[in-house]
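I'd like to ask some things about the structure below.
Chain lettering (A, B, C and D) follows the sequence in which the chains are written, and residue indices restart at 1 in each chain.
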């Protein structure tokens, strides 16, 4: 059993209802969020941020299933995941 | 304070630990303070609480005391033979000694030596050697012409218990026939 | 003991001269120096004592453990001196006036906390009852070996310290209040450098009857706003920041910005250093306390502090009686060092209780001619009156201190 | 910045000075969750730290009052501060050097007194800010910059030490147990007494590089995970396992230190009044 999952699954259930916001300027590119995410949401930027790292960004927000693992594991307080305001309206 | 001349009285009390040397100095000092004097008391002792030598050096003066060190005592109270030997040269005045503790007295200055059998009297009258220091204090009060009433008051303030016996012991020393001038 | 022909000028420059004149209602006691230091602290509003018992400062801890609960304060017997002074600093940060007391071996352990308190401008008072050393030395014998340690009370440099030294039990009482006042005023730890003789000595002591009525006690004021201090300012009246009011105080061991954030930039380091040093250097006029006797016409001046000054003063008077025009300077403020007291170009005889020579080096530095400064060091015992008089007579008549047993005159 | 960081931390101090992949920020994030779930405000919590990675990285990030003591002395400072400000919650966030080495005497005696603070010992198993020397919590045999032939000294478990000293709440977690850590910290904060939470986290730059042979953040966090679970990814047993979870819970079973002091003062005052009458 491993902490990180190399293979991403296809999103099931309540995907697409989440806002995934990354503070890219404070990201130190540890890669924890990308590795812990069970689906395919994150990707590295190709240009460095102002503190010199190639930060993570939300590449596929629509895949997010709201498991909050990235929020829990981010060591630099960068990531916030919240219910999309439009989604709230439909629930 | 002024640097003008000031009469100072130096008193040196020494003996073994546990004989009440410091208590005696404390009462003496407080009595002097109650009468408006300035007082210092240095106490020194060996590292052991009981058994080692204990010394109280009192300086009483109407004005601020500069040096608190007794170099030429006006009165020296010796409660033990080692104390007597050690501090004999620091005294130029009267030497009150307890003959039961200090057996070999130096030949020089016989007129300065006053034997106060405090330990013996304490045993006889109170069946307790602990009262020897109060008998000695009574004798010192008489000999130095200090205010007896002030001494009693100070004693009651300093000593928490056994007031009656202590007052009686003070009286034994103060009324010692050998000290009362004929 | 002595009769002086001409009246000799005497001067005591200290705030308690006025205090003692104004407050005359109270009790007269025969008490020890440790008692006076304790009562002085209580009178000054000290409400926390945290420390570790050590002879000859132990009695302060004992008295404090009895007195503090009576006035709503807290006595904490810590696991070591490091914890003791840090706990005092913590209590002071929380808004309570605090004090600790120790002797040499414990004082060296406090340097960590001392530096932290200086850097974070935390007011508190440290009593160091010096005993003879090195290291544990003799617990029941006086020494004056922490003169320089008290100045350089922490590592890293870049600070000034305030150090006061009493020479009587009565003075210990007033001086402790003064130390608390200076600590509050200058937002820094203040050391009371006393010694075994003063702390153990019993002496007549006047205690004013109502501490609440003492209007000269500087109260604790709390700075309830950021920033930590105005940068580059010498404004001393910025009261201490207090933790626990939600003001976002940052108290750091590192060089910090005016908000208290740790920073590794030279400008911030310079600003902090400038403030820590000059808040004291620029206010020496408020800090210098001393006593002099007959210095105006003196041909030779004896210098001393603490318990030692008592016999030295009598020695000076004795020398006068022998026809030597001797003067006397007693330092009460040891640091910042009062250079201005050594302006006269005459021989100075520095009497201190150590053989290595500490105070004498400062006198050599500040006197017009350092070569004329003489040293009379003695260890573990006060100088006798006879020794001091002989030393002063020797210097006045032959320029040299005569050979005396147990007196060291060499300073290398 | 996430919502709790916005609510509780100082924007000017984020990003912290932590290296990338350092677990300190993770744990602080969980502390914020515990604080938030308990309904505490910025003003209710005083944040104390020491020196080293944990002290330096967490100091001044907390939006309320902070102090960063000299090395190991955070608990000594807190002892005095608690007397002056008894109603605050104290989070003393220190490293393994602060808690288990230079400041152990203060840790033991704070536990003995039942000082009302919550100590979070963030343990990266070595002195990493000075370049990666071993500490009393470095696992035996592991190579560090000051144990180039493997750590020969036996280590100790600070949880056992504080429990023996009288702490009223003791727990251990690691940097891969977020939900458990949040729950435990909440319990620790609810204890009006001395709480100790030991959290192990990965250091990539030093412990990772020298003891584990890699600066790969994922591999190092994976190593923590393996030793939390006791099993490696391939199914074999790990060389040792940390016992995590609540190790001792006697919350609120005995009076807190500053409470004892205030009670004594009240007693002394009452006695004095009775005597005056």
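What to note about this one:
Please note the rule applied: contacts are C-beta pairs under 8 Å (C-beta built on N, C-alpha and C of every residue); 3 or more make two chains touch, one makes a residue touch a chain.
Computed from a predicted model, the values in this text were never measured in an experiment.
The greatest centre-to-centre distance from subunit A, using averaged C-alpha positions, is reached by B. If you average the CA atoms of subunit A and of subunit B, the two centres end up 88 Å from each other.
Subunit C has its Cα centroid 34 Å from the Cα centroid of subunit B. Taking the mean of the C-alpha atoms as each chain's centre, subunit A and subunit D sit 28 Å apart.
Once the centre of each chain is set as its mean CA position, subunit B and subunit D turn out to be 61 Å apart. Checking each pair of chains for touch leaves A-D, B-C, C-D.
Partner subunit A is touched in their complex by these residues of subunit D: 1-5, 9, 14-16, 18-26, 28-30, 176, 178-179, 217-218, 221-222, 225, 229, 231, 233.
Interface residues of subunit B, counted against subunit C in their complex, comprise 1-6, 8, 25-26, 29-30, 33-34, 37-45, 47, 64-69, 71. Taken in their complex, subunit C has these residues touching subunit B: 1-4, 7-8, 10, 12, 28-30, 139-140, 168-169, 197, 200-204, 293-294, 307, 310-311, 313-315, 317, 382, 384-386.
Every residue of subunit D that touches subunit C in the complex is listed here, in rising order: 10, 12-13, 42-43, 46, 51, 56, 59-60, 63-71, 73, 76-85, 88, 105-106, 108-109, 261, 264-265, 268-269, 272.
Residues 48, 50, 69-70, 72-74, 76, 78-80, 82-84, 86-96, 98, 112-113, 115-116, 243-254, 260-262 of subunit C are the ones that touch subunit D when the two sit in their complex.
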